[in-house]
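Naming follows writing order (A, B, C, D and E), and every chain is counted from residue 1.
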């Protein structure tokens, strides 16, 4: 198939939109993995909660999109606090395996609960009026909402990166990642930091959920397939590496976008192929540090 | 002594649970109750289970119920893997098997059995129905968005065939992986093809997301979208704003006539949702099965099958006959989704564009590979 | 005789008599297949310390190969099983070569990724029948002589195969090779410095585990007559972890028990719900049948929080504590 | 009289199921340098960890400057003015050498009488290796460099009670001598130091008092002046 | 010329522009105890890592018994008879002492991949394993689980396991680190004892140990060799005193 330059550019832009979701989600995973050493399988479920809460807010209480964009992450963040305090707290000392399994179980519970109330085929809501319509970029007509998705997620991602890599708080986080007990012995309230980190990661997932809902169908199972891909992104980027997960998320979105043009059948497998190749060459991922 | 037990095994918790699921069980129970709860002097019993879309659960449940509980009729499906697995068990154990939810035409074609009845629709009927009718209405140039596995490919191939037969052309197709969440890229490719009709040869979440993205990118303004497998529950969840104008084929719609409205209202009172065509078919199939048992005066599968295939069926759901290959051939409807303005009440979603006679849409004798119908 | 040996003999006896005692043979066969699958998985996780999140690929991949051999090539069941097992071993070898040098969570993730690729192959390849699956695999005649169409005959063949495979696992754990595996699990750098090329040992363990998982998958196809996508889906990998975890990681009997619990739950939870509803009069339990995933999730959570050693692990630990008291 | 800098009474501690400390009693006055001696596994490290609240379960009484810390979370204990240098050094690999150094926050309300802790320049003067490798990743430092970093790190915070676990371990004799001078300086500045040492010859000239631990209990306690007299007992207990 | 078992030629390791080991020429005589000392960060551990190929040398060669082993993998080098101990104790905690040692012996049988063989086939090694345990004074504890052992004993066990490999050359990195006085002495004597018929290369900061057992000492500083010779000679070298021993070395460390 031949494809024109404008066509290629527009596909690139669309890839970037998906990449934005990957970036926010994998960023949340990376932050949580970093400090809690937990592979948060529930991330997909939290993403879904963000979207469904927004739907609920809009439908039951007629709250508008912008309010929910802030409120849903907060609510999910609070939910994250509960998860951390009640469940995750007990497993930090154990192997990664247990965190993975616990959050997997949690995912099944959350998804099951929402499914029994809302069924599986999904609920929809539309982009806010302000972002309705589209802009002609010359090579393509880009819906304004998609542009907003890219902008919003880039801002959130880089702000997070800045805090973690360049501030004192970030140094505590990084140190806490390695040896939380010792950091606490230096006088830092690590348990609080851990709780807030999980809450923040959860809120990021919810934020992505709110952003995603007008683009993809909201349903209780919406996080399930995404999460496996996002895992791959995190692994490719390097477990726990902040910048790694952001850049890899965006990059893979774009690669996936190109695959959709040149060999669409493989577009959801390409991520895994890349992952295998990357891990063969760089065992700790593109940006990961080998310990 | 010959007690009728119906074993209903379907997806109650996963991807397809809105299409049939609990509503299906309700519909079957309604049929049993309407029949009087008894046949051949014995109470009728309904057993139901969730197969979670796993063929091994579906088949072993069916097998077990037949072997240990004496189930006389197996009912179920919704996904082709489970449906085919159950059909094999029913054949081996000689039990009547009804499938409504699964679309695969293999059930009555390559893999047909003397005991399988495919009651509601199959992919061939959907493809021929939508494809043929749309071309007839002037939609000559097609572009497909196809789920890249057997089901999607079959839908695309069947539709392409009829489109070409009717003088239309297919300008291209893009194959996407199952459960691709973002369709914008595929849609841009479709748009660039300048085709008139966007054929969606996919199902469930993939269809929903395709339609949604088509609306977002304004593609529904330049192209007409034809869904090859769309359920009422999909439209309900997407909303009219996203789906308006969508063409597709269905075997039943609640608002066709007084009879359908009357039955659907009863269903609505129980489930708080209008029935999908599959759920309506569940009722009708059960009713006709029970009638056949009564007429044959036995639950013996061979005799009941003979009875079922010998009578004309005519009820609120459909008018037609069960053929030798097991397909229930009945009329289908080409429908279009109303615009929000046209919709007058809740669940008022579809308008019928054309009635598609059963003998034109289902597999023909020339086409079949089913040994039972040669 | 040791108590555990007696325990296994009792279990074997129970299994031998099960059909006579009214158990439904096909269901027990399915249980046995999953028990073998979980035991094979446990060989890797429990005794080598490698968490594979891709074992579904071996279960499902072999199921397709064995099914295809028996259905399309018309081969006899024993050859089908052997081919399936070999396919499992071969896949295991490929996965292993790619993944074995990675540690911990990377290992889990790379196996998951490879298994996802396998899933797409299964979905797209012609011979797997896509989402329809490979249906109608005949049971055929064992060695061309013994007709397996009869459920009882099939049952005893299955039992024999599973018992033999289980014995092989036991032997592997208590072999010179098993001893090295233990060392690797405990302290890998030390094992390297003693001159063991640990990745080759891990690779062999992986291949063994994959082969046995493949045997389980092939056997399942033979028993049930089909191979479908749900066997290659990642949830099957998750399920086998659950089985092993519930039963008790690194215990021989744990996976047996764990698989029984999980399979029973998955198949019988509806009936269980009705029963509880009947007894307690609480209507809600009638809907339990639709909540398998939630119940599974709950078990995961409870297991991780309170029952980390699994049922068998807890029993063994309790036994040790009691003995310690005396 | 001012409260003791550290007062431990009847301290028992566990790691999971295993009972490690069986009633430790120990008092350190402000400005003292006290050394804990004992065989491997006697429980000295555990005592330090228990003070910081880093062991599993613990019972008994632990007072820092008169404040009972038994119920306090670890980070609150640190803010009472305690600096802990762990046996395993605990250098963070995701932080550079300098970030490691700057990591521990200045402790609130801990500075009465001592001042705000050492400045970076003072520290680099004391450990030139660190200055040279300041941008290196923390765990890329050599074993000894990491040990220096671990000690230097807590000198910055203004903690006036220092818990030092085996700080002379793995260091070249020159550096050990430098550390000895440092501890002398610290004492002059009014710091309170509790050291755990294998290296008796390093600890002997520095400490005001000694505790000898055995099997999770204090077996012996004496002042610097009694050192010579106690040598035979020490020989028996420690094989010095 | 004395028989040289291990020789490095211009061995160099750079980390991103920082040279940790620079052009080191080391010759270790067969049958000797050779100590590598030097200030912190001098490159001793890095040197060990290069010799066992846990790190890849930037340039230079490593010769073992005259054979160039620079390009070999860690396990290959181990099989040649170059065995190292780690700075942290390296045992298999949940195996018994006997099993620990047996794991060192087992490779000789050549049945390590035989997953179908019974464990009993390993019992033929028990005798030799017990002998080795006896050699380090652990014969009574053969059937204990290793976790329960005190630190010093674990080191001894580690040495026994290493001996099982019949090493020609043992590399010990700070073998007495973190040990109490008794253990230090015991381990030093042990090293002396097992050095019969073997060669030992060790890194050690404890001058007490070095002075009593080492035959030759190489002093590294900033990655390069600063001095070499017997203890008496090296310890009087003013450069070494300044860079490493310090002024009061004799008094402070000698009695350690």
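Just so it is clear, contacts are C-beta pairs under 8 Å (C-beta built on N, C-alpha and C of every residue); 3 or more make two chains touch, one makes a residue touch a chain.
Keep in mind that this is a model prediction, so the values were computed, not measured.
Listed here as common contacts of subunit A and subunit B: C. One finds 52 Å separating the Cα centroids of subunit C and subunit D.
Remark: subunit A and subunit D have CA centroids separated by 43 Å (rounded to whole angstrom). For the pair subunit A and subunit C, the distance between mean C-alpha positions equals 32 Å. Separation between the centroids of subunit A and subunit E, computed from CA atoms only, is 48 Å. Counting only residues that touch two or more partner chains, subunit B has 13, 17, 148, 177-178. With touch defined as above, subunit D holds no residue shared between interfaces to two or more other chains. Subunit A has residues 112, 265-266, 268-269 in contact with two or more other chains. Pairwise chain contacts present here: A-B, A-C, A-D, B-C, C-E, D-E [touch as defined].
Residues of subunit A touching subunit D in their complex: 171-172, 174-175, 177-179, 181-191, 289, 291.
In the complex of the two chains, the subunit D residues touching subunit A come out as 52, 54, 73-75, 77-79, 84, 86, 90, 92-95, 99-100, 102-105, 107, 154, 157.
The touching residues of subunit E, when paired with subunit D in their complex, are 15, 18, 38-46, 87, 150-152, 174, 177-183, 185, 205, 207, 242-249, 252-253, 255-256. Across the interface of their complex, subunit C is touched by residues 12-13, 17, 22, 48-50, 52-57, 59-61, 63-64, 67-68, 79-81, 84-85, 87-89, 104, 106, 111, 148-151, 177-178 of subunit B. Per the touch definition, subunit C reaches subunit B in the complex via residues 24, 26-27, 30, 120, 123-124, 129-133, 135-136, 220, 224-226, 228-231, 266-267, 270, 289-293.
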